[in-house]
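The next block holds one structure in the form of structure tokens; read it before the comments.
Naming follows writing order (A, B, C, D and E), and every chain is counted from residue 1.
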Amino acid sequence: MADAVIVVALLLTAGAATAAVAVRDPARQALVLSLLGLFLGVVFTVLQAPDVGLSQLAVGSALTPLLIMLSVRKVRRRGKEGGK
Amino acid sequence: MNGWILAATVLLAGGAGTALWGVATGPLSRRVVAQNLSTSVVCASLLLLAQGYDRTAYVDLGLLLAVLGPVGTLVFARLLAEDLTDDRAAAWGLTWTTVGVDAAVVVALCVAAGPGRAMVKLLVVGALLIGGNLVASRALSGGFQGVRGG
Amino acid sequence: MHHLLPLLAAGPLLGATLLVAAGRRLPRVVAESFACAVCAATGVLALVLLLNSSPPLTEWVGGWRPVHGESVGIVVIGDGPSLGMAVLVSLLTLAALVYSWHYFEEPPRGHAGSYPALMLAFQAGMCGFAIAGDLFNMFVFFELMSVVAYALTGFRIDEAKAVQGALTFGVVNSLGAYAMLTGIGLLYARTGELAMSRIGRGLDAYGRPDALVLAAFVLVLTALLVKAAAVPFHLWLPDAHAVAPTPVCMLLSGVMVELGAYGVWRVYGTIFAGPGGIPAADLERALVALGVLTAVVGAVMCWHQRHIKRLLANSTIAHTGLFLAALGVLTPEGDDGAALYILGHAGVKAALFACTGILLDRYGNVDERALHGRGRDLRTVGVLFAIGGLALAGLPPFGTGIGKAVSEEAVGGPLTVLFVLASAVTSGAVLRVAARVFLGLGAPPPKGAAYETTGADEEPETSGRLDRIPGTMIFVPAVLLAGALAVGVAPGFPTVVSRAVAAAGTGRTPVDVHWTSTGVLLGCLSSLLAVGLAAVAVVRPGLLTAPSWALPLRRLQSGHVGDYVAWLLVGATVLGALALPGVLGG
Amino acid sequence: MSRFFRLRVLAFGGAGLAALLVAACFDLPGFGGGSHPYGDRAVRASLARRTANVISSVNFDQRAYDTLGEMSILFAAVLGCVVLLRQNRDEHRDRPEPTEVALPVRRYALLVLPVALVTGLYVIAHGQLSPGGGFQGGVVAATALHLLYLGADYGALERVRPIGVFEVTDSLAACSYLVLGLAGVLAGTAFLANTLLPYGTFNTLSSGGTVPLLNAAIGMEVASAVVVLLARFLDQAVEIEEEKGS
Amino acid sequence: MHVFPYLVAVWIFLTGCYGLATSRNLIHAVGCLAVVQSSTYVLLLAVGYRDGGTAPVFSDLKPGARPLVDPVVQALALTDVVVGATVTALLLALVLQIAKRHGTVDPDELTELRG
């Protein structure tokens, strides 16, 4: 029974990973990836690894989404200019 | 397994599961709202887990998420502002519900912690989380006007 | 002495950080001289350590020496092969730095130090990988050298092909690295250790190998074989090596790929060689099968290229196949042969790339057909290129020749034919290029073929096209070829190599390695065959033009990252299937 | 290769690998098992050196050489990004127009910025005691700075962020980690040996010998590296434009 | 429960590989690579978990009071997280340059290197 929270966290992570692959638009994928980062943070907490959880939250909640979204923005802006 | 962990499990299964569903499907406006919601839910569960494992050191995770989670939502609000102008992402009912849940969790934890440094930390986390959540919701519903170039 | 071992990685890194810190204000000359000095100093350190490496050095970083046989630290190994690779890495890095001395295109404004700093970091990554004795540490330095290599491959950002090749390289190699990490996780779960020798002992203590050992073996080897570009993990290599800046190509083809083969040797020997690991017969089957396949595919692909750098890249694949086959027979002679072959090949291949770089910078073109006859005035380069081509076939007394001869003796039988043919075909392709480009022989070939990469319209790497070839650019390939020659002719050198390899292994007795008459004959045979092939290709191009059966093979090289990932998974499956019988058969 | 053929190849490879990995999973020791020889040794070694956070002890003392590699990867990757995202010959810079940001968002950003910076520093400083350390704190501090971009506008961020200084800090911090390691060699022990400083009192900020110093070096390195990295991406996304018609 | 976490790691690994191979957008592909990597974190930490254990962090815990999970895998996973973030950044930088030079980020449309 003590493992229920671990199972839930792992299922959420697996679900988020699957969704991150299935969602094909990069901006939307970035949203799913930020969730994946959060859920990984939870998995690390329930597996008693707060240090790893902290770094995952630090990277996954803001840094990676920012990098991906900036790339998406650049690519899109190019696309628009090319289309004109 | 104690009550705190059980509460965290329920919160994760219900709240985070819903958030995952919301982020993975539907229109963009719904997805960003779900992303914002997930921060609150996960942060509250992290705080509950810290109490459940009886490790005050784990509260740092909640603190960090309360600081950075809304920042992440602001990233999306800002860089997707053009896509969000057409259908604004406003779900104030949902936002206030999660704020209520967060407040309840923080109050319960404060009661359990009793007065002291731990309680101050919890209150700071709670304030950051609730404030961040509200501001991020505001940002999603048209917080960035005329984002062009910048 | 052994305390100095970690400095092989730390020294270049220190140089790199200082270069970046001061790079904004440093004039280019100072930055490049400093990088050369640091690189050379590391090389000297590696050489000194190598001369003191019998018995092999071991160092526990941080002073965590084992207590009752157990340590919490990281072990670093300084034996013959590891330090030999470190010396080779340092020498080639130095050659690449000297080659790019002042010629390489303007560095980004305010970042004069960034290119030499990246080269130093590359050197640090490769040296750290070579001396790693701890599996996770090996992964870390594997990643370091990979990350630097991606950045260096894409260095010329205004080249469409360069950035594409760098990304494919990055994705496939990172995926391989994550497979390796998964394998490390499995091994740690079983044995609870990270030092390679202790993992090996842990597996032996557990007993018979099972699915977990097999999976860990497959995953770790996947990463190393991706690096070594064994078929079908090889697809990234031509794309990356053809587009990287020339000095970087010299390092990638000359030593980084070979480090993958070295890693296979190291990991198998220390982790999986015991009774709890993968039985020798299975490893032999897997490595020889993949090696043969790699050699054949590499040679065929090499013959069909017109982009000269791509041609050389494919010849690297063919030769890695030969190295893997030589290592795969698991005999002392095979190890010696592979070691010598790698040394000789490094010099020859780097020299060939250096010569191609001169063509690129002078004509803005590395296409065999477009350059037809245009290299007539570059006599010295042409001579060097042709010598390199012959050396690639294993012409005695080059180092490649003795390496090939010793390997042939070790593998014996039908595999000898493979060695002769693969080296002859790759060498023939290089000689064909030499004849067409530098001598203008044969009719200018017709235009237009559907499925290939041309080498026309490339940007030179210098700030403009070169009118005069700088002395350093000729000097470097000449020295590299001389080095490859020295490996073969220096009296007693092969025996020294054999001794160093033996001391690192399981304590077998070193064998005397020297030229044999069979080896010399086979080397001459390959060279003659290569000259013949080149002559036929030039005089009667119709006879040897792409037969239709080679087209499917070329279609696999699609430049599509998704294809490469799919083939990587297939490769892992095949590797697992090849090693399966020993695990099943209890 | 056609899409269909690729899927077939992928299915074959994926199925084989899946079978292998699943079989391996069933041979793994059961989840939650008790045998962790290296882990138990690491805990003892950490306590002997009075480092309260064992993970920090592993990272900055027992396996500090790995962390050196990790730091170099970060350093090299950032250097690579600087090189790859440089302004090319056919590109020019455009000043972005300032953005209108809703007042609550702007206030929030300016209010949380110092809080986040302090959080980052707190996480770095307590690295050898409680969960956290140079890497985590460094990322938080660097991300905090970008609240200026998110909450105010790009110009505000540019004013407080002299990229050159951060680049130099990045490399000097990496350099100091190496120098701390070399000090061990010079003192005659070993590279990255934690034997030079007293280990202090358990569970205080100055405990653990060189662990806090290495931790601080990593914190500086990561914070400045992330700032430089994001600056390059922001540059590309916001400022750098290609010449029209090129 | 004995193998469930490991199977989750395998699932994530293979899903990520599938996404990588079938991706039609290079930014998406880099995201899938991050997914593949997250499987290694899960595997490593699951290997180091001990029933009823807690984190070996003694700021609020007396040494010896409770069973501890394995700190070594946590240090490895920490290194891994850093490596993952930096590799993602570097690959994204390359994708940006591809977008500029090729005018597309669809791998199906990149046809310059072949044969």
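Note that a residue touches a chain if its C-beta (ideal position, glycine included) is under 8 Å from a C-beta of that chain, and two chains touch if they have at least 3 such contacts.
If you're wondering where the values come from, they're calculated on a predicted model, not measured in any experiment.
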Chain labels contacting chain A and also chain E: B, D
Set of chains adjacent to chain B and to chain E: A, D
Chain whose Cα mean lies nearest the overall Cα mean: E
Most remote chain, CA-based centroid, reference being chain E: C
Reference chain A; chain at largest CA-centroid distance: C
Interface with more contacting C-beta pairs, comparing C-D to A-D: C-D
Inter-chain centre distance, chain D versus chain E - centres from mean C-alpha coordinates, in Å: 15
Centre-of-Cα separation between chain C and chain B, whole angstrom: 50
Centroid distance [mean C-alpha coordinates] between chain E and chain C, Å: 28
Multi-chain contact residues (two or more partners), chain B: 53, 55, 57-58, 60-61, 64, 68, 71, 75
For chain E, residues that touch 2 or more chains besides their own: 1, 4-5, 13, 17-18, 21-23, 30, 39, 46-49, 54-55, 57, 59-60, 69, 72-74, 76, 78-79, 81-83, 86-87, 89-90, 92, 94-97, 100, 108
For chain C, residues that touch 2 or more chains besides their own: 136, 140, 143, 147, 150-151, 154, 157-158, 163, 182, 186, 188-189, 194, 555, 558, 560, 562-563, 565-566, 569
Pairs of chains satisfying the touch condition: A-B, A-D, A-E, B-D, B-E, C-D, C-E, D-E
Residues of chain E defined as touching chain C within the complex: 9, 13, 17, 20-23, 26, 29-30, 33, 36-37, 39-40, 43-44, 47, 72-73, 76, 79-80, 83, 86-87, 90-91, 94-95, 97-98, 101-102, 107-108, 110-115
Sites on chain A touched by chain D in the complex: 3, 49-51, 53-55, 58-59, 62-63, 66-67, 70-71, 73-74, 77-78, 81
For the chain B and chain A complex, residues of the former touching the latter: 1, 5-6, 8-9, 12-13, 16-17, 19-20, 23-24, 28, 31-32, 34-35, 38-39, 42, 45-46, 49, 53, 55, 57-58, 60-61, 64-65, 68-69, 71-72, 75-76, 79-80, 83
Residues on chain E engaged by chain B in the complex (per definition of touch): 54-55, 57, 59-61
Chain B - residues contacting chain D, complex: 57-58, 60-61, 63-64, 67-68, 70-71, 74-75, 78, 128, 131-132, 134-135, 138-139, 142-150
